[in-house]
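Before any comments, here is the structure.
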Amino acid sequence: MTADDLVELRRDLHRRPEPAWREFYTTARLVEELDSRFGDALDELHVGPDAIATDHRLAVPDDAELTHAFERARETGVDEDVLESLEGGYTGAVAVLEKGDGPTVGLRVDIDGLPRQESDDPDHEPVAEGFRSEHEGAMHACGHDAHATIGVGVLEAITESDFEGTLKVFFQPAEEVIGGGKSMAKSEHLVDVDYLLATHIGLDHPTGEIVAGVDGFLAVSHLEAEFTGEPAHAGGRPEQGRNAVQAMATAVQNLYAIPRNSDGPTRINAGIVEGGSAANVIPESASIMAEVRGETTELMEYMVDNAERVVESAAEMHDCEVEVELGAQAPSATSDQEIADVVEEVAGEVEGVENVLERDELGGSEDATFLMREVQQNGGLACYVGVGTDHPGGHHTATFDVDEPSIGHGVETLASAIERIACERP
Amino acid sequence: MTADDLVELRRDLHRRPEPAWREFYTTARLVEELDSRFGDALDELHVGPDAIATDHRLAVPDDAELTHAFERARETGVDEDVLESLEGGYTGAVAVLEKGDGPTVGLRVDIDGLPRQESDDPDHEPVAEGFRSEHEGAMHACGHDAHATIGVGVLEAITESDFEGTLKVFFQPAEEVIGGGKSMAKSEHLVDVDYLLATHIGLDHPTGEIVAGVDGFLAVSHLEAEFTGEPAHAGGRPEQGRNAVQAMATAVQNLYAIPRNSDGPTRINAGIVEGGSAANVIPESASIMAEVRGETTELMEYMVDNAERVVESAAEMHDCEVEVELGAQAPSATSDQEIADVVEEVAGEVEGVENVLERDELGGSEDATFLMREVQQNGGLACYVGVGTDHPGGHHTATFDVDEPSIGHGVETLASAIERIACERP
Amino acid sequence: MTADDLVELRRDLHRRPEPAWREFYTTARLVEELDSRFGDALDELHVGPDAIATDHRLAVPDDAELTHAFERARETGVDEDVLESLEGGYTGAVAVLEKGDGPTVGLRVDIDGLPRQESDDPDHEPVAEGFRSEHEGAMHACGHDAHATIGVGVLEAITESDFEGTLKVFFQPAEEVIGGGKSMAKSEHLVDVDYLLATHIGLDHPTGEIVAGVDGFLAVSHLEAEFTGEPAHAGGRPEQGRNAVQAMATAVQNLYAIPRNSDGPTRINAGIVEGGSAANVIPESASIMAEVRGETTELMEYMVDNAERVVESAAEMHDCEVEVELGAQAPSATSDQEIADVVEEVAGEVEGVENVLERDELGGSEDATFLMREVQQNGGLACYVGVGTDHPGGHHTATFDVDEPSIGHGVETLASAIERIACERP
Amino acid sequence: MTADDLVELRRDLHRRPEPAWREFYTTARLVEELDSRFGDALDELHVGPDAIATDHRLAVPDDAELTHAFERARETGVDEDVLESLEGGYTGAVAVLEKGDGPTVGLRVDIDGLPRQESDDPDHEPVAEGFRSEHEGAMHACGHDAHATIGVGVLEAITESDFEGTLKVFFQPAEEVIGGGKSMAKSEHLVDVDYLLATHIGLDHPTGEIVAGVDGFLAVSHLEAEFTGEPAHAGGRPEQGRNAVQAMATAVQNLYAIPRNSDGPTRINAGIVEGGSAANVIPESASIMAEVRGETTELMEYMVDNAERVVESAAEMHDCEVEVELGAQAPSATSDQEIADVVEEVAGEVEGVENVLERDELGGSEDATFLMREVQQNGGLACYVGVGTDHPGGHHTATFDVDEPSIGHGVETLASAIERIACERP
């Protein structure tokens, strides 16, 4: 079902996963692919700083990390001109195809990897088939390699179709850190979009299953706490220290214990923590990179308020200072029924698709919500489509993988939906 | 009191602090200094792998860190031949001076820095005087730059004295991680030592004060715990994770809460902790680098036993696995009264020394105890001498500094004591 | 709307709140009321051990508490014969009214109070109106005084109505500890019930609002942990103790931190804790009385499994023993649509009812689910009806109170529904 | 060695242990014993309110507890007049014996029991011999039954001796809660005391061992924290609660984790905790009864300061209020060498005493320090004498017991010392 060349693209991207704002190779590789496939057929191709609202990037890593990733990308021999335009962490691209008179339909796919080590189990497909991550400590553990590939596949399918109107494919960076959605939502390219589709593979749905309209996006906020105490010799003068690691540990214990809320689901995770400098020094500094979520913005704020109080009291308890910074936040969003109806209809006709669910809850967060809400506030319609894939490990785990035929299901379902939307203008 | 050239040496060492087993520049610089000062007058100079029992190095850092430090040292233009002999983290030196018939007296000084950032406060002397650490994240925050300098100064003083016997100065690496003491204690160079002196500057004693015999060395053990859980998407499937950071935080809280022991002082510090990989992933791994201490070996073991149980239960509580590894351990030790008496006597005659304490308690740990016990078990005598210095910040803090005249007090007290010991053979 | 005599009954019950299995006065007072109102018109009146399946009582308090409450009830001068039949904690009653040929309809109301102190704020209605709890440390903080009153009111309304069939009113004890539902569900009186209604006042719905079918009953389980350590003199030999309070505190911190579950709502509460015997003794014993809940039985079990592991690891961490006992458990349940439709219909016609919701989620637990499921498993239908009431404080708080006109709304809605059900036999 | 009648007295007291300020039976029984043994030979006998400075009682229990203990004492048939004079918790006695011209020597013994259950192991001597505690939940687990007995024995021995001077025996209540020492120190009876002896049995010294001068009394302070939150239905509205038990548990975890202090020993114990009212109510209140100690007053204050901060931050963390009250405090003290020398000398001559230690450290606290310091500040001398006894269980544990021959060692050592002191006036 999936053309071999799409599989090849996906595996190439898989081999070089790049976390948020470091998608240098990925962007350049996609540009190369689009150029070679469509050449002049593509009406516009906006790359890097031209693709996004540069003021609205969130959670950009520090220069050292950007440079490291940039140099690594350079060594692959990818197009130097494209690469240079991305320098400083301006990644992503927007491809525009104009095919006659009709509405403007957008498709948003995300392209970043995760900072985690991929499994080296010989039974893990990417190991067995030789396309395991070559980037130490990074992995496509959430299927964005397949998403980017679907974006390319849909462009191709629409090129060859009877579609009338304009198709814009948004290759969005930095989804995993809630960092890129806003910058794409605020770019000029989204302003005239009438209909927006976004998509995700997997989500515990098996290959052959499509979810026409995904909902249940939790609002999310990042929260970073930096504790500062006072060092001291741990053997000689422990009482002269003010222990930032004790403050951090107290905070972690109590963050997870924030009361459940009867108004709806909430989440909390102290995802990255660190502290201290040497075994024999009372730790002077420690930090927590946390995120909280809620079914609604109110519930997310309930979690933020509680988390801030916990962190501040934990610092005070150990006579430390703390700086709390709220990071990137993404809102909640809802798939419009009109589009979900179209997707449901066309998905049933795709070869290999055996089951179509009308609705399902995500229960997680996604910064596609920035784009969905932007389009909806402009009077347009938006829908988030789930494409089932058998995945051996869960999302974000070392053995996550995509069952490749599902890439084809995604391409066909989305392309058909885009055609139908342009035709029916729901 | 202190010769200008000694101050210059101390400041040069201060500028390039190197933590445990990375004393590449430091060792090479000391060798250079000894060569230029004494040339052939020095009977032996054992460097790097020839100075220590290489099998007994403890807590050696990984290759990446060693290489980084090695390359940094190379860039200073220090003697390439000496440097190469140290490659792989074989640092330190033993200088031997034979001056006629008499006992063999050892002097042990340690030379490593600490992995902590030095203050950039303009009032901090090394900033004001332009010899602040040039190594990002490293600092001589415990005065070992002065110790190494005292070692050189004592050699010089003895060269010019009436001393009859053999003097060996042990420039020991890796004290701060309890890593180098054992390898020097087990080296061939200690076997024939009849009397051993070791020294530390500061310890909350002011400039002009000498402690003839320091005691109260706490036995110490390092303990490293690596927690392993299961990652999961923190928004989508939090219940599928097994949270290593929660396990670590629970352990930290309870480690510090191990009951105080009425048999004597104990210590605990979770000096370095870290965990997790991304804000939106339930943390799969976390670690604690801790150390425990006790006035006696039994008390240290009481802490070890409790710490192990805490760490293992914390892992189990969060359904994680944990590997606990006991690291370097150093014993307790006592200064022999016979030597302390000599030190007390001679210190009173040193210009600038205004107060001599017979005894004081350290209340911390020191791996000089390995050397002291080795000498004592061979039938020799050992003593640990405190040299007061006004230090603005506490040991191991960012504003620690040495009041330089105290270097001269140390040199003169120790040299006089060595002469007297050789003469009186207590 | 509410007859004055019903209000008087409610206030009298309010004045003498009796927690689980101690409803001695309450039961006797209700029997007295039923006798005086209906006399021989009532076909059957089963009291105490005759009303329940005595083997299935759960969470019965100890003899001392039962005796204390029993004696207190005796002092009120209530009927001695009735009282004696209740001795040992066999409380509750079932009233049966037969009115010709028709189905058997059950109405279940609960009658117990809570072990908490009532507010003495002069603005608190029971204070202002002189019917505040006279029982130190006990309070009707969940409206069961109104529930019992509604039971009496419905009996009266049906007596005077055209209802044909049999009405059974179950005055159930011990709902707050999930203790009485099962014993009433397993009694012989429920076997022939075709339709069951249960009701609750308040639930954050205002006066004038009716919820036709309440759902979202969380499955619930109690869990009791008894920690045992070793005492020691806290000053002289702290290290010889094994501290049960530290174990308990560690458990509490981690119980609340059990991961949220994406499959649905869960709850945890360490509702009662205690430990230790004297300030200067390392605590030898401690306990936690906790409850966990889940939207489904699976979710409740997820919480139970995690809670058990947390408690056991906390004990181990502090070298203590622990006995964990699972207490009373209640299942989840669903209101049948057929009955909810009837309720919705009739409620709209009740004077003072301004808003009727078809469905709402409780989000808490209720052991009425035992009776609902029993009837449903016998082929009958069941429905749980919410009766709005303006309540100043939340349920289970010191300022909770019932807006008395809502009692009339409950009586009329339920009586009309019962009539209609008997007539329509949905 | 010990007269049978002294053993009988000790066992009778053991059978009826009475915690702080509830020593109704104990005081009355001692008065009875003194009357029957000495009658008019005793010059003064001050009982209850006449024995102490009533304004200075600390940590007096509430009326309910006092009444319960008072009624229990009344049922024993003990002298009603004496008993009535003690009502309200004014316990203890001071016996005065004047024997000619000489100094005034005081002996202080404490008489209270502990609130803990005694072992019912058949091998536990009090069980085997039939004098186990008859008071549920109370026990002489620290040997004060023996202390009171020694007080009587010394009076008898001095009566029969050549002693010239005045002997005052202080039977002090409420030592275990640091409650009675101050009230006895501030009474008029101590003003003219020239020499004071105090004593304790056991302390990990075996039968036949005497410690002439005990030191190392830790300064101690009680600290009580009452947390107040907000209740809520734990299933229905958990987010509306403010959880006092979570605050308390967080505090407990962090109290024990207050950094050890290199200046000397410290202690912390959360000896009694409780919280919450029902499994299904978010706990509105919780409390901690803690004590902290330090080798010096400064160290005790270091602990108090840290404990207060921990408790306040824990409350804030869970959005609760807390009231912290510092309770009874006792100072540190030192045994005077002059008296310790006398005790050492005479103890060596006592039959059955095989070993006399000059000095030992207690490492715990004792409110005898109030009396010792008072006497010392008045220009007198004081000494605390340890009397070894084989004790199967540790102090404050369920199997603590006194090896009865040691009572005789105590009597003889102290009586001889008193004689010698009066004679030598050191």
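All chains are identified by letter, namely A, B, C and D, in their written order; residue positions are counted from 1 within each chain.
Here is the rule we use: a residue touches a chain if its C-beta (ideal position, glycine included) is under 8 Å from a C-beta of that chain, and two chains touch if they have at least 3 such contacts.
Nothing here was measured: the structure is a model prediction, and the numbers come from that model.
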| request: Averaging each chain's C-alpha atoms to get its centre, pick out the one most distant from chain B. | output: C
| said: Fitting on CA atoms only, what is the rotation between the copies chain C and chain D? Please report it in degrees, nearest 5. | reply: 180
| remark: Whole-angstrom distance, CA centroid of chain B to CA centroid of chain D, is 47
| said: Nearest whole angstrom, what separates the Cα centre of chain B from the Cα centre of chain C? | reply: 66
| request: Pull out every residue in chain C that's touching 2 or more other chains. | output: 236-238, 243, 246, 250, 253-254, 256-257, 259-260, 262, 267, 282, 363-364
| query | For chain D, which residues count as touching chain B in their complex? | reply | 253-254, 256-257, 259-260, 262, 265-268, 363-364
| query | Along chain A, where are the residues that touch chain D in the complex? | reply | 236-239, 241, 243, 246, 250, 253-254, 257, 259-263, 282, 302, 309-310, 313-314, 316-319
| note | As the complex stands, chain A meets chain B at residues 114-116, 142, 176-177, 203-204, 218, 220, 222, 230-238, 240, 243, 245-246, 248-250, 252-253, 256, 267, 269-284, 286, 289-291, 293, 362-365, 394-398
